[in-house]
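Dropping a structure here in structure tokens format, bear with me for questions.
Chain naming follows the written order as A, B, C, D, E and F, and within any one chain the residues start at number 1.
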Amino acid sequence: MNKTRAVYPGSFDPITNGHIDIIKRAGFLFGNLTVAVIDNPSKKCYFSKKERMFMIRKSIGEAGIKGVTVDSFRGLLVDYLRKTGQNIVIRGLRAVSDFDYEFQMALMNRKLYGKIETVFLMTDAKFAYLSSSLVREVARLGGDVRCLVPKVVAKKIKKLK
Amino acid sequence: MNKTRAVYPGSFDPITNGHIDIIKRAGFLFGNLTVAVIDNPSKKCYFSKKERMFMIRKSIGEAGIKGVTVDSFRGLLVDYLRKTGQNIVIRGLRAVSDFDYEFQMALMNRKLYGKIETVFLMTDAKFAYLSSSLVREVARLGGDVRCLVPKVVAKKIKKLK
Amino acid sequence: MNKTRAVYPGSFDPITNGHIDIIKRAGFLFGNLTVAVIDNPSKKCYFSKKERMFMIRKSIGEAGIKGVTVDSFRGLLVDYLRKTGQNIVIRGLRAVSDFDYEFQMALMNRKLYGKIETVFLMTDAKFAYLSSSLVREVARLGGDVRCLVPKVVAKKIKKLK
Amino acid sequence: MNKTRAVYPGSFDPITNGHIDIIKRAGFLFGNLTVAVIDNPSKKCYFSKKERMFMIRKSIGEAGIKGVTVDSFRGLLVDYLRKTGQNIVIRGLRAVSDFDYEFQMALMNRKLYGKIETVFLMTDAKFAYLSSSLVREVARLGGDVRCLVPKVVAKKIKKLK
Amino acid sequence: MNKTRAVYPGSFDPITNGHIDIIKRAGFLFGNLTVAVIDNPSKKCYFSKKERMFMIRKSIGEAGIKGVTVDSFRGLLVDYLRKTGQNIVIRGLRAVSDFDYEFQMALMNRKLYGKIETVFLMTDAKFAYLSSSLVREVARLGGDVRCLVPKVVAKKIKKLK
Amino acid sequence: MNKTRAVYPGSFDPITNGHIDIIKRAGFLFGNLTVAVIDNPSKKCYFSKKERMFMIRKSIGEAGIKGVTVDSFRGLLVDYLRKTGQNIVIRGLRAVSDFDYEFQMALMNRKLYGKIETVFLMTDAKFAYLSSSLVREVARLGGDVRCLVPKVVAKKIKKLK
């Protein structure tokens, strides 16, 4: 098992500047990072899996981040990890945060797959308020999201309205 | 810009005794207070915008509160503030509270409109448990909400069942 | 009023090993414990009231717990308590927990029915992550829930997929 | 082992109206309640063990509470429980509270003595802010504590200044 | 009673950039702001009352803030408010914060003096980590605090070592 | 800069089973881990720096953990990191935890040294209650700490009483 590989799973609906911040930090720690889009048919997303993966790839490129793979998976995260032979999971923590939820998920994942190790990284304080759902809410109400998300997302959201 | 003006935004679906408590406190601090009902077509409310505004006006009257205007707005709060030339926002904090959510919203609003200042007031400890959604839940299950909401709301909820 | 009677209300959709842990603890404290399934028609549950009651009875039996009654109720918990002449309510607290929500409900119940006393018990630390909704999520995504729930639930969930 | 016996341990330095509220609630649940004053020589208290026990006895009397024993112990709570053949511990939770600390202690006690069961009761919302240390602070700064503590404590604090 | 007057109480041992941020925000809301240094002989401070007041005055001047008075008081905050005929108290909230403590104090103050109104303002997210005690700790360990505190404080701390 | 190096700083007064759990997890992620004992003369510790380092080395050996160096430092953590050319810091998070404190420290460290990256790992749920100060408290009150700390610590604490 290669300790330099890690997975950053999420809905990324859409990717925000806060996610980009975590990807940079995780990429610095682990040479081989995979951003893994959750493809859960029972959970309705605003953007399709394909769109979300496109926006991640594009914004990673725009941000000049190298060595990051973008993938997607169905089913449980722990099954995806087992199949791809990985066990390090990256999660971002925000100062204003759903910490309890993250802890619950990490403990559950550890129960389901003992080898998993969740690594929590702290976003920059300036992204403390940022979440995908808040970005969608601001966009839906006609707000300008250009300071919240990568360029490609800002464009995409505009078109969709 | 007139510093004695402030806006207390919310869904008020319906207004509760906890909201009335905050309106009294905010009205004491700011001579010119506007209670601003969020009119968000994509969010389903139990009461119509018109009903919610009527119940606010009526219960403010019943409580003997003077100098409060009731308004409504569509779109982002920050856009409403810009249009009406205001920048002070009132939010209530409960001892048992969604503090994290309030902080996230306040930081996001500050990011979208730098001039905004969110003023948090603390409800009386005796309203610590009170929320509009809990009031609706109690009413739906056949409970008596007369000790939780202004008279006009208690009547209205009864009729709707 | 008999002080040795207590009610443990919940959706139990489905019952988990964490619930069983609380039932054991509550049964030790109160000789006469009722597990009361909330039968709220407006809230969509995964399992029917009948199925949920069956699984509770069966798993209590499997766990060798004696002297526990399984019941269900519609409407407000406080009305159920009044009708059955009870006033002690059991709630479980998890280390990773919705403590604020529990407190809000307990205060609201106390407001609606002054005689009510909510008794909080702490689940074993090893169930800190466990909730019915997380169990359903894991099952839906094809995960193995046998280490999370009683045998009867594990079987039932498998069949339903 | 008699399930109707419970211990409410604490420093009670001094006893407050919030403690009295919990004693009433616990006394309603358990016929045989012991208020157990922690007598820890290495922790400096404002009042002596004797004074703290006197004030508890006196204020329980003033409040008309029956069937409560006042005791004290040195060393670990779990050792006191073992010696006296008890295993139910009462702790009060305040809406504005050191919940994390209480949980940590309860888990540690369970680790040291598996049979222990900590029962958390919720104080009245109107005592949410109340603690012995805050009472001492108010008294030291010349404030009137008569609305915060039983009569006997208010008198005693006055004398000590 | 003049509603445009407010008090911002604290130890300010020493004043930090986070305090300056709150003073600016409070000064914008209330034309007549008093920064009130707590002079509590039983609590050992690093800087004397005189030094703390000097540093506040100097850094307010450096920051170009007008219309702010610096005062000090002994005893209870509520007694100081009564004596000076004021009832609005400013407190800063940090995203990473002792929110529970602030709430407890605000509720206690309201209990001791019904007319008091505590107004919570949110510091800039970039000061989320900042506290006087952390500044003292960094300084004691030989760190550079120039990015954390006003110029005058940075100089003073250097001299004292 | 070698990305496989990380530092786990702390007082370790004394090292607990929870610390050992984090050291194992961190050692799995980073090939080259340094446990760095904070040697702060102004903070009184129960064990000397020498004793703390000895107990760490000994218990790491007992636990069969390889490739971990034990070091100590005076002054700021960020200065120690700069001097030794490192920038990855390990911190453990407990389900029942001082999360706010950890976040504050991590943000402050990032402010003082931009290159620092704090990696939070989650202890096993079964260590949720464990802290060095609680271990010392239990030992002082005559409790048995053998289930809480490595063998060498249990012996040492016994001798010191």
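Worth pointing out:
Everything that follows uses one rule, which is that a contact is a pair of C-beta atoms (placed from the backbone, for glycine too) under 8 Å apart; a residue touches a chain by one contact, two chains touch by 3 or more.
Since this is a predicted model, take the numbers as computed values, not measurements.
Note on connectivity: the fewest chain-to-chain touch steps from subunit C to subunit D number 1. Among the remaining chains, those touching subunit A and also subunit F are C, E. Taken over every residue number at the interface, the positions common to subunit D and subunit E amount to under half, indicating a different-residue contact. The interface holding more C-beta pairs in contact, when B-E is weighed against A-E, is B-E. Remark: subunit E and subunit F have CA centroids separated by 34 Å (rounded to whole angstrom). Mean C-alpha position of subunit B lies 39 Å from that of subunit D.
Residue numbers of subunit B whose C-beta contacts span two or more other chains: 95-96, 103, 106-107, 125, 128-129. Pairs of chains that satisfy the touch definition comprise A-B, A-C, A-E, A-F, B-C, B-D, B-E, C-D, C-F, D-E, D-F, E-F. Interface of subunit B with subunit C (complex): residues 96-98, 128-131, 134, 138, 140-144, 147-148.
Subunit F makes touch with subunit E in their complex at residues 40, 42, 74-76, 78-79, 100, 103-108, 111-112. Within the complex formed with subunit A, the residues of subunit F that make contact are 3, 25, 28-29, 31, 88, 93, 95, 99, 103, 106-107, 110, 117-122, 125.
Only residues 95-96, 125-126, 128-129 of subunit A touch subunit E when the two sit together in their complex.
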